[in-house]
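Both of the next two complexes hold subunit A, though its partner changes from subunit B to subunit C.
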Partner chain A sequence: MSRLMNWRAPMLSLLVFFLGIGVWHALTLPTAAPQTVNDEYAALVGAAAATGQKSAFPTPADFGKKVWQHLNEPFYDRGPNDKGIGIQLGYSIGRVLVGYLLAALVAVPLGFLIGMSPTVYRALDPFIQVLKPISPLAWMPLALFTLKDSAVSAIFVIFICSVWPMLINTAFGVASVRREWLNVARTLEVGSFRTAFRVILPAAAPTIMTGMRISISIAWLVIVAAEMLVGGTGIGYFVWNEWNNLSITNILTAILSIGLVGMMLDLMMAKLTKLVTFAE
Partner chain B sequence: MSAFKDPFDASTSLTRGCSCGQHHSEAAHQADLAGQTTDSELLGNRVVEAAVMRALFPHDATRRRFLNAVGASTAMAAISTFFPMGMAKEAFAQTGKLEKTSLKVGFIPITCATPIIMSQPMGFYARQGLNVEVVKTAGWAVVRDKTINKEYDAAHMLSPMPLAITLGVGANALPYTMPAVENINGQAITLAIKHKDKKDPKSWKGFKFAVPFDYSMHNYLLRYFLAEHGIDPDKDVQIRSVPPPEMVANLRANNIDGFLAPDPVNQRAVYDGVGYIHTLTKDIWDGHPCCAFAASKEFVTTMPNTYRALLKSIMEATAFASKQENRKQIAEAIAPANYLNQPVTVVEQVLTGTFADGLGNIRKEPNRIDFDPFPWHSFAVWILTQMKRWGQLKGDVDYAKVAREVYLATDAAKLMKEVGMKPPTATSKKFTVMGKEFDPAKPDAYLKSFAIKST
Partner chain C sequence: MSEPLIRIEGISKQFTGRDGAVTTVFEDLHFSVDPGEFVCLIGHSGCGKTTILNVLSGLDQTSSGYVFVGGREVSGPSLDRAVIFQSHALMPWLTVMGNIAFAVSSRWPEWSREKVRKHCQEYIDLVNLTGSEKKRPAELSGGMKQRVGIARALSIRPKMLLMDEPFSALDALTRGVLQEEVLRICAETKQTVFMITHDVDEAILLADKIVLMTNGPHAKIAEIVVNTMPRARTRHDLHKHPHYYRIRNHLIDFLVDRSKAFAGDSPDYDPRHPPLVRPGLDATDAVAADVAKPLMPAKPLVAVAG
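Let's turn to the complex of A and B:
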């Protein structure tokens, strides 16, 4: 019985998947319409326009073909503006990791200091609250103007969006370490450095990791938009370039791969969180 | 022309011996006259080699004995080890040494950028010894910022942009130059298919239009066109700035009713069955400039040789593109994903001017787009009058001075001559826009003559 229960969820997933594909297929079935223009004209326009219609949304089969094509050749490089989807994803992941690690280097120590002192916490709180909700893309024109380099600007945007969740969570985690543990440390006359690294850090680690997990998801969300804005390389540029060509199948492929990479990044962080979690 | 003889050939004499005294024999003299050695690069190499050999062997007999003894290739290799022959040849090949050979040039994926783009796959840059990477860019604001930040050495811009940047309108003032116009004509007003019965512009009140940028010929031409038909572009319709790639998607989604856009956007709207071509801009102002090749004044002054080589490639490409018979070949070169990322037929219809109009007709307009690099000062003056007309530019402007400083007509004329084009002798000319004559000498009177304006 329990084995059957285990199978239920995957079966349901598959059912949802095929149902989705079926609905998509049914909705995008090509409607056969007679050609409304002469052959000479038809040769100059797309198939849909020749029958007096607008170009249609691709079918699941079109999409499958395109995905297969990309999977066969993920790393081609035909010049600076035309690279395979694998290379583009690589560029995006690289940017996210650099911006994210820089943010972690700043946010975790700073959050630690803020969390240790209630006064500093309260003093800086208004600034953090104002800066936190700003869409990272709003920083882009400012970054381009001051940093004078689009590659650095893209990394800056990742930095600025991933710094807040880590900062807030670290400060919160440090501030809410149980009083008893700190008191015990003080009774045992443990030095303040030792207290920070042996008591506070392990106690706050799960909260810090949660902040880091939120941050990586946000960073991955933002990179696509940032790359659409500055162009050049990356999966966001790929989406923009295919939008230029109104190639919905390519855009769908990019959407799928963005989702998969985002999921992998999140799973990685989840694994790391598990490592530092403790049971009381 | 003794300098062009192969000094590694034992049978040649580097001393003179023909009727003109410059060839070792009468036969060589005749051959040269017949133009058998015309490859200028090869000749350049010869000159350098001959000079080196003559310096090493002042007596021709010694040189010949040496060559007979060891053979030409051994001699060449032996000499190259202690004399950098390659470098000397390279230095000679240029009139001045290129300050920088690897360049980045930004472009927006539209057919206006044809000369900039095609120079890469078709080798016009390479011919000038330049290794140029053409980088596709997402929008005009980004092109502007990346050029100001010096990520790009030069870029594809809209012809009003260098004026706007120089005057500090919509950006920080920075001296900018526009040494070449890329294309003339080549834009169109496209309306959504649902408006196929509203061909009269008077019925367009309440429409939402898109143009690629505020400081674009598209904006000024659309406003001009609407105003001539009695529609106030600021009050009766909405004009918004939308990057070209997003235009067809917006037209499809009914977000906008039409646009005045660069190609291939117009043709793409027809190809996808979402719009029809209403008016080609050549019927508004035949021969109007659109996009431009632009560089910062700093680049022009600090790297004069590189700038010259780059401009020369653009000029050669423009001359090549201005010939109808080359257009199909160009369409094939610039349509792939690395450049415009469009179906070849769309680009071909734009460049050849034989196109589907979206309503079932095939039109033949060979001048739909044309290529003429000369940056007329009067173009700049006209653009400045329109900037003032629509309130982008306030106060007094020294029209002629700004035009002269930004539109580098003299440079363009010099290089056009070198690549075999005929530059005009004047830098200013009168032209007509929708039947109304524009005299560049009287910009203020022209401006006053409009009934609809926002100043």
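Let's turn to the complex of A and C:
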């Protein structure tokens, strides 16, 4: 009985998957009766093109073929406008990681300070509250103007969008470390440095990691839009380039790969969070 | 008579409420704890028991008055005074060994890893937790957690152990077992202990002296009860001793009636020398005891200048 129950969810997932594919397939089937057009036009452009029987939107089979093609050759490089999807994803992941790690380097220590001191917390809170809701892309023109480099600007945008969740969560985690653990450290005459690393850091680690997990998801959301703007390389640029090529199949492939990479980044962070989480 | 390990002179604590009203929780408390003595403090909630313990540990400050430990005024927390917290306060990300090792390496930072481990093991064995070294607090029962708390406090070899209702969160059976262990450990180590409790039987079982506090606000020390029962006590035959019920009735009487009614305005009452009473002795015993061991007069405390 329970084994059957265990299978229910995956079976339902498969059902939803095939239903989706089926609907997709039905919607993209070529129209049954070939539409006849002007004979002269047909002679000029060829019968198949002239009938207009096939939409630019691929069938699931076309899409599958394209995905297979990309999977077989993910890293080819034939000039600036024709690079494998693997290379493009690599550029995007690289930008996200650089911007994200820079953000972590700033946000975690700063959040620590803010969390330790109620005065600093209150002093910086208005700034954080104003800066936090700004769409990271709104910074883009300012970044392009001041940094004068599109690649650096993209990284800056990732930095600015990752910094807030980490900062706020770190401050919150540090500020809400249980009083009794701090009292234990005080009665043991533990220095402030040792208290910070041996008591506050492990106690706040799960909250800090939650902030880091939120940040990486946001960073991955933002990189696509940022790369559409800065161009050149990256999965966001790829999507925009394929829109200009009107290759819906490639756009779909990119969308799928964005989703998969995003999921993997989140799973990685979930694993890391689990490492520092403690049961009470 | 030796110098008391802890001397409290005229401490009081005031809180200013949000509306600016000042509440005096307790005022003008005087008492002392001698080396090797086990002193319990009993009172209703709200009389500032935990505040007194926090003041002794150095985690909290008084509004006025002085606390001396070993002749020196307390200015902050110290490794000389270990605290056993009511909520055990173990760090959940550390193992049993890790929790105790954190305390030990704070006490002796120069010790090698191996030496710390050996020292910790000694105290894990002392509280009968052998075999649970690698467990985390979440895997332990409430009683076991409190044993770790006791081991952690003892492992730094403090001059003084401060306990804040350490067994109040435990079930009655576990509490009884742990009380006996504390009794055994204190007998073995001759540890000086100051403990807060609201359990009369616990106080009679463990304490040499029981400090009785009136209800707050403006709580005072009404009197100090000397436990006249022999120190080798067990939970088992505690109630068979003739002094037991006299002391117990005296304490219950106090908690039920006198803690409220006590005003401290009788001409004989001097907060500097709260009366020392021995309810365990009846008239004839008292005479016998007087002959055997003269009653120690409450030591006059030095008035604080200024």
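Here is the rule we use: the second predicted complex is superposed on the first by the 258 of 280 C-alpha atoms of A that agree within 3 Å, B and C clash if a C-alpha of one lies under 4 Å from a C-alpha of the other, contacts with A are read in each partner's own complex, and residues count from 1 in each chain.
Assume contacts are C-beta pairs under 8 Å (C-beta built on N, C-alpha and C of every residue); 3 or more make two chains touch, one makes a residue touch a chain.
As the structure is a computational prediction, the values presented were derived from the model and not from experiment.
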Query raised in the report: Counting only touches as set out at the top, which of subunit B and subunit C does A:F278 meet: first, second, both, neither?
Result: second
Query raised in the report: Who contacts more of subunit A, subunit B or subunit C?
Result: B
Requested in this report: For A:D39, select first, second, both or neither according to whether it touches subunit B, subunit C, the two together, or no partner.
Outcome: neither
Query raised in the report: After lining up the shared chain so the two structures overlap, which partner does A:W181 touch, if you call subunit B first and subunit C second: first, second, both or neither?
Result: second
Query raised in the report: Taking the superposition as given, does A:E189 touch the first partner, subunit B, the second, subunit C, both, or neither?
Result: second
Requested in this report: Considering only the touch criterion stated at the top, classify A:P202 as touching first (subunit B), second (subunit C), both, or neither.
Outcome: second
Query raised in the report: Hey, what residues of subunit A end up touching subunit B and subunit C alike?
Result: none
Query raised in the report: In their complex, what parts of subunit A are in touch with subunit C?
Result: 178, 180-181, 183-190, 194, 198-199, 202-203, 205, 276, 278-280
Report summary line: So, in the complex, the side of subunit B touching subunit A is made of residues 109, 133-138, 141-142, 145-146, 148-151, 193, 245-246, 248-249, 252, 268, 270-274, 336-339, 341-343, 345, 349, 355-356, 358, 360-362
Query - Complex contacts: residues of subunit A adjacent to subunit B - result: 36-38, 40-41, 43-46, 48-49, 52-55, 78-82, 141, 144-145, 148-150, 228-232, 237, 240-246
Query - Residue ranges of subunit C in contact with subunit A within the complex - result: 57-59, 76-79, 81-83, 85, 87, 89, 91-94, 102-103, 106-107, 136-138, 156
